[in-house]
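Here it is, the structure, as structure tokens.
Chain lettering (A, B, C and D) follows the sequence in which the chains are written, and residue indices restart at 1 in each chain.
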């Protein structure tokens, strides 16, 4: 750790997630000014030098690297932030941990449960601070949902359901793999919507509703062949375009999950709902400042779903921003995670989800994919 | 009054409102079976015999008339229901009252305040039962709004606003006047949207929020000339296509009202909202089974507008219909008004709004039209 | 068949469904006046004479029976309408068919696929007119969805999902079985939410999206024991309180269905959504006059889900009712089915779903229950 | 102007607006990296040194001032950004202009039309770049509305309506004036909701729908006396708590506007709607990423309001942010205005609204306040 309580960041990967994290590091200084630890954008790494250079210029990184191993080896880096495609997560994270660096890793941990387990073991052996970027937990409405559930207002839980619906891969002429499209290459991504989208739904579900014990899943690849950008050949598509699963939670509730990139009309419709004996909660990423809440304790003739606009100063994180009624956006979830990570350095706690906590999501994903492959229920716990 | 507690109805007018009322009379037997008084469809009157005959066949009226004076003169009619264009309301109502008949009159009472006042005087002199068909009061969600307000939950009232937005007369080729279009003929209708649509908004407002003391209004006729169906000539349009007004209520709150037939995209969007110190209420005719309610007494971080689906047995009128969650429609407001009228015969009370109560709406309408004509505030009380 | 084109109805069962059907028969005369065949409420049958008498008085049935076999034997009955609990459907339907009566049967056909198959065979052997009351098909918005799909606007279908969420049995003190609660007695109902609620979702899905080929299901009974109203004893609950299933349709699309009576805050939230290559459709029973539609052919920056208020005269069935913007309710779906049945007498066609068509829903329900019991995928076709 | 195309900013005022502007300056570098001009946070000015110091530390300003005249006199300042209470706008802006500085001024220009006119004259005489922070124009959905209107899709305009509803001053114990509450002190703010909230509505309306010619307004102060923070005395409240007005636009359309801080349940509900012959548009600040659009050219049975989620790369400003479906927030409107101001330096154009353009909003506000005071229609043009 640097003196002055700087946290010197080395970012690996300059894609979409590299941008969201960089923005998070830059803004936390303005909106969480009282924190002792301040992120410093020390270095960014990309294979292509020009790309690294442009990114560093845009975001204010002090230096660049083109070999991630060199970045990890640098003494002036306290924490490594992994924003590469999924197939590089494990190798980098393990190396970074072994080098004694803190590790902040994009989700999902890795392509398979096995690969993810290796990362967790390495991190825990090294004893370094770590977190996984399941950012949606830190949207104020989602955090408020967690607080309501923890308060016990819902009573016994009966149902949990979540969807993540997109429509961006319907066009059969969209190529697979390569620049900007590695999420469609099974070798790189590990899976399709399961690792990319359902992992978010599962992370939130485990956080809000506890462990999943058994699953039965179904997957489909609607477009069977696509041109691969790297080879130029038409190749079989290896990822799951859509995945649904039913499950049971440890607390006795039933779960139902669905994700697809073929739901025409939905861009990023992540929704979840939880039904308890005494109250229910719903949320929708397309209207992310709002939480819907039904309280059965309300007066009989006046019961109804409340549309809570989560923009008041006494609601999670919102004392940092503007005034009541003025919404924030997607990117703020990353600012909040950076802030919570910085806070964890100060308090000595952990910044959830840790690698260990995130591993359970990979475990569920693995069971889901196995169940779909075998056409049978799979037991997790 | 007939023995057997029959209420023998004579209906004058076979248009849209004739249908809604007839349906109301027919259904009340099935859904309010315990009531002592039962409507009997004794006679229907229309100028054209074939039209009266077809209507009688369709709705089960026992006989027809082509001269409303004959209908009123019949001994076997207890109550006269006036569904004619507005220009006939006064003459018929006054004659019916003088003949000792109960009178149920379509809204608005008449074309002007003066004309309406004559009707009220005649009705009160005759001492006959009467009601005016401001049907929206009896949609369950609107009645629930009244109950909430009467309970005092809102505290001091600050604001009342209402809109009634339609788009059916935008086409400049739509003719005016005559069959199906008398609402566009100022001589027949008295006014345009003010008497037709704003009168509904005003009736609800007076019921929910008390008297209006002063108004400032603005009207516009967007299409200045239209072919008149009866003359075949292009003639100036005399009605107001749109009307807005600001007002003050006796209770100190401010009002804002708007109505138009030129709001592209809205078919019959009647909405109102009332803001009180402690709570607020909103309603929308396009989603008529729902009432929105905000209660400032809710726990701070969980405050939000509640969407109350008014379909439970303990909500107004809903014990008569189906099971929770299954909505009713526009027409049910008329069934409820018939039921309440029948009940008033049994209990000896009145069925609001009476002619006297409805007169206040005409008074406000008159002040609104006068204000718009003069470009000045008008005082009512 | 009676002369005068009367259709003389004998109704068996005076519960909730007896009311909705009776209302349908009564109203069709007013709103479909041009039809040749007119329903006549000839007789109603209930085990308890006083109950049958009260129902006949309320709805205008000419006579009563307390033994359904006598009703079926009457010469003055053309059509038998079965509104009994599910365990009586088969016996009555088969006897009615054998007596040459037309049969209109409440859904689902029977408790099991086997039992339902017997009914279909009997009906087809007798060659009598028949229909099953899957009423939701005839809500205007749902019929419009069918028309859009049939027009080919959606292109290749990827996803179908439907939910039917209620919350009325959460209270563990609610007894099971007996008067008003036979839906909670497995011996009478055959199953819980699967036959009661999912059957509606499945009927609509088969109609809109074609046959289902394979299913994997999960059921749960949250409250394991309840007092039985008839015995007074605490007894095991045999029904499914909740049921979810995944499936594949013949057209290659994926399905996801869920039903429960434990979703706090939802009274009767039947929703469905279908995602096609070019367009998508959504619907929600709590806002039944509305259909949501996304058309990918809309101009790029202006694409969005359209909220279609299905109340215009050129939309299905709506030329029968009021004027644009004025909604109808749940009960109208039954009026429409009666009208379509009457029309089928005139045209010689069938009134869907026929017993044969409805059998497929029972087949899917059976596969769902079997799958849940066995924890394995089941193949239907 | 500095070499290197720096734009050296001097910010005066450290309140809520100081924060939103500072954030705008800081972020534009990351999200508009190709721009030649880059804002540099040179100095911030506040009367209290410790406050200025803390603000400078939090936002990265290089230096501080406690006397705004010194800030204006500095050679290393290119542009002065005025975030003070309204009563200081004119003096500072005029002095800054005379000193040859560019001026970016918070809205409204000043307390009165007269005062504002003086600012415009000074700015134009000095010939310096200028803009007024009517930030809502640059929310992507609002900019999209402008583009739709400019494309002519709406045809002849009939109606424009806008509301800005808040509820934060209902509590009668809230003091007036002083730190954080200058908006409630008429001497400082000039007016209440008219200058604060209606000015936003008017700015958008003038931009989207052209000039307003006549107005009739009504204002109210619900709580007549409040403790003043600075004097400690109970004093009369001079501001308007609520203001409504009707108006006519030059294009022949009718306008209706309302603003209040007494609408319980609404935090910052700025909504507008515009109805044209062929299409209509609606927007709502509480759901700021969405635009509602009704196109009468859609196929008859499929017409409906479209809910456009304005988060695609081809929609205004959204190519700068994330991926489709992921919303942005309130603060982004300021980032966009900074970016457009920087762009105007590069292109030589102006950044709307200029002082001259913003003056028209003050003119309307003045007419509104005069109309309310006099109880008469006021003519503007």
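Quick notes on this structure:
Keep in mind that, in the parts below, a contact is a pair of C-beta atoms (placed from the backbone, for glycine too) under 8 Å apart; a residue touches a chain by one contact, two chains touch by 3 or more.
Listed by chain with UniProt protein names: A, B, C, D = Predicted dehydrogenase.
This structure is a prediction, so every number in the text was calculated from the model and none was measured.
Here A-B and A-D are compared, and the pair linked by more C-beta contacts is A-D. Distance from chain C peaks, on a Cα-centroid basis, for D.
Centres computed as Cα averages put chain A at a distance of 42 Å from chain C.
Here the spacing of chain A and chain B, counted between their Cα centres, is 55 Å.
If each chain is reduced to the centroid of its CA atoms, chain A and chain D end up 36 Å from each other. In chain D, the residues that reach two or more other chains under the touch definition are 266, 303, 305, 309, 312. Across the interface of their complex, chain C is touched by residues 158-159, 161, 165, 167, 170, 216-218, 220, 222, 242, 244-246, 248, 252, 254, 256, 258, 260, 262-266, 275-280, 294, 296, 303, 305, 375-377 of chain A.
Chain B meets chain C in the complex at residues 16, 20, 22-23, 26-27, 29-30, 33, 57-60, 166, 168, 266-269, 285-290, 309, 311-312, 321-332.
Partner chain A is touched in their complex by these residues of chain B: 144, 147-148, 291-293, 295, 298, 300-309, 312, 314-315.
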